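In this document, chain identifiers A, B and C correspond to the written order of the chains, with residue numbering beginning at 1 in each.
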């Protein structure tokens, strides 16, 4: 599946770059010729991006957002791992909470954001809660897979040397399941970012999402598009970063 | 080793209990019900009904749900919101499947347009909502557009993968009987891709539901979005939570419906 | 169309190139000549990758070639045609159709109406012993039964020429022997000409009037062995010393060729 996807999703290929260029050209010309409020020319957007970036108006929201993201992800990682490892080790836990984790994985958790806002107020806590709601279940699911997927031959080997349950967990199951943990972390980051931005846009005054709302409501379109560009880059960089980290870690690990 | 014999016996006992709880239908049901009960009890204890703005107990939330159902506002809101979801989802399937097939069959289309869909998967689409709103206003069309943007790439990508994965034998077989391109497409390629398309449809529904909520909360219309906004303004946490849980539960029902369909069609792909 | 004297299949000096991903041209088949007479049963045997499947696909009209001529029933091949039908190694059954609809699929592609094609398909399912399974789905059948459906599908279009690419190689050894006899039964009741690809030497000898041996890199015909065993062939045939001798001869040729190849000298 991954290979097929890679082929499908490859960005650096002439036809795509061409279609992108055509699109950019149409955008630029349309933005210039027709004086549409909602469609500033591409060049204006890029200029706005440069202006905002150098003015430092983006720095504070960016750091603010990143801090909330990291906090939420850390909590998700801890809680998700505990739940997932529990599910992976014990069939009873798996049967008892598995369906709820699966439900949380696919349900539209975003519906809870208004509740978070009312309980936690319009502050960081709401964003962190949203990040957790978006990412904890995918971390748990992958942690469970990580623990469960251990090669039975390795387990028997460890048992034959008299290793107990917890030693096996620490020495065999967790190291062997590292790729799944990383996959979970990567998906967690991808979802967590979506949660973060969702929360911020809905709260409407904080971080990058707050900027979206700020420029969106005053129809400052070039700046709005610039912020969207920032968010897209941010998401791509964060997910790409974790993927890269995972790959580095895994190659280290295989040596 | 006589010393740990009793503990070993206790262990065996525990094993048998665990097995009866996990390996039989009723055992599993009992276990899950217990888990649910524990969850509800914890919720009840964690909740605090003394001030309206605090996290509500389970009972207060349920009361709020009953009230919202009784005065008809929640059903009405859900109905209106549901229209956008149904329209959006229909567009997702109706547009996404042909696009996926196109991408799978024509390398040029693949190279030129599929990156946009991988982009849509990676990006928090809510960031684009203000643009949709600026272009289309606070309209039904805007809400539907948001839903489509959230879900369509999952159908496109999964359909493309499914079509591409078809065993070449099946296509050669049809060709050997003189079937033309279009016949091969309709009689072999599309049916063979159905399981993959269904997977895309399930994932897309999950995203479309998120898109629906986002659309309701940002491009507020007469649906649950306005209901939530109003309840929020009057600090009715329990009622907002009740609405949220209703949306989540309905969403889960729809998702399991599609998942059931998906599993039904999966039989097709069992044959090598 | 020429007179009945022309062979059912005639392949004359056919060469085929494949262009690999890095743009290099490799010769898959080099000046292949072979023919299958009317009503004749001919097998092709040869090492993996020598171009047997390529050859068969070209005769079936679903793959083009670069040099030479191929004609079937006296007419040059320019695509799939109603006088040919193919049986596939992987069965190539459509899992979402019933056995009956699978058997009728070829007729459907030829534009037959539903009643006609179902009647015809039902008759052929009877012929291959699957009359009771018309409403089953392929997944519910064993491999041997699935290939019977594949055979019924091919026979349903009433071809003159039957092309079979290792049809029994995915089937267990016992069932395989039974299917071989059944195939000969069906064939002997018709005037079908068969081109049959296999890796199994005993299968080739048991079924065929002639066995064509192919070599690899590039694919070419190295030998043709006439099988003068009497027909009808039965289980007795497998114990016939002549059968054993012919099988051994096929193996000798193949082994000799493979040894040459290993030594690096072209055969």
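Convention: contacts are C-beta pairs under 8 Å (C-beta built on N, C-alpha and C of every residue); 3 or more make two chains touch, one makes a residue touch a chain.
Computed from a predicted model, the values in this text were never measured in an experiment.
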Sort the chain contact graph into one of these: line, ring, star, complete or other.
-> line
Which chain, with its centre taken as the mean C-alpha position, is closest to the global C-alpha centre?
-> B
Would you identify the chain whose Cα-based centre sits farthest away from the centre of chain A?
-> C
When centres are defined as mean Cα positions, the distance from chain A to chain C in whole Å is 54
Using the average of all C-alpha atoms in each chain as its centre, how far is it in Å between chain B and chain C?
-> 48
Cα centre of chain A to Cα centre of chain B, whole Å, reads 18
Listed in rising order, chain A residues that touch chain B in their complex are 1, 4-5, 7-11, 13-16, 18-19, 37-38, 90-92, 94-97, 99-100, 103, 106-115, 117-119, 190, 193-194, 196-198, 201-202, 209, 212-213, 215-216, 219, 221, 224-225, 227-228, 231-232, 235-236, 239
In the complex, the residues of chain B that touch chain C are 167, 169-170, 172-179, 183, 187-188, 191-192, 194, 267-272
So in the complex, which bits of chain B are touching chain A?
-> 18, 21-22, 28, 31-32, 34-35, 39, 53-55, 103, 108, 110-115, 118-119, 122-124, 126-131, 133-135, 157, 160-161, 164-165, 206, 209-210, 212-214, 217-218, 228, 232, 235, 237, 240-241, 243-245, 247-248, 251-252, 255
What part of chain C is in contact with chain B in the complex they form?
-> 57, 60-62, 79-82, 84-86, 88-90, 92-96, 105-106, 108-110, 137-139, 157
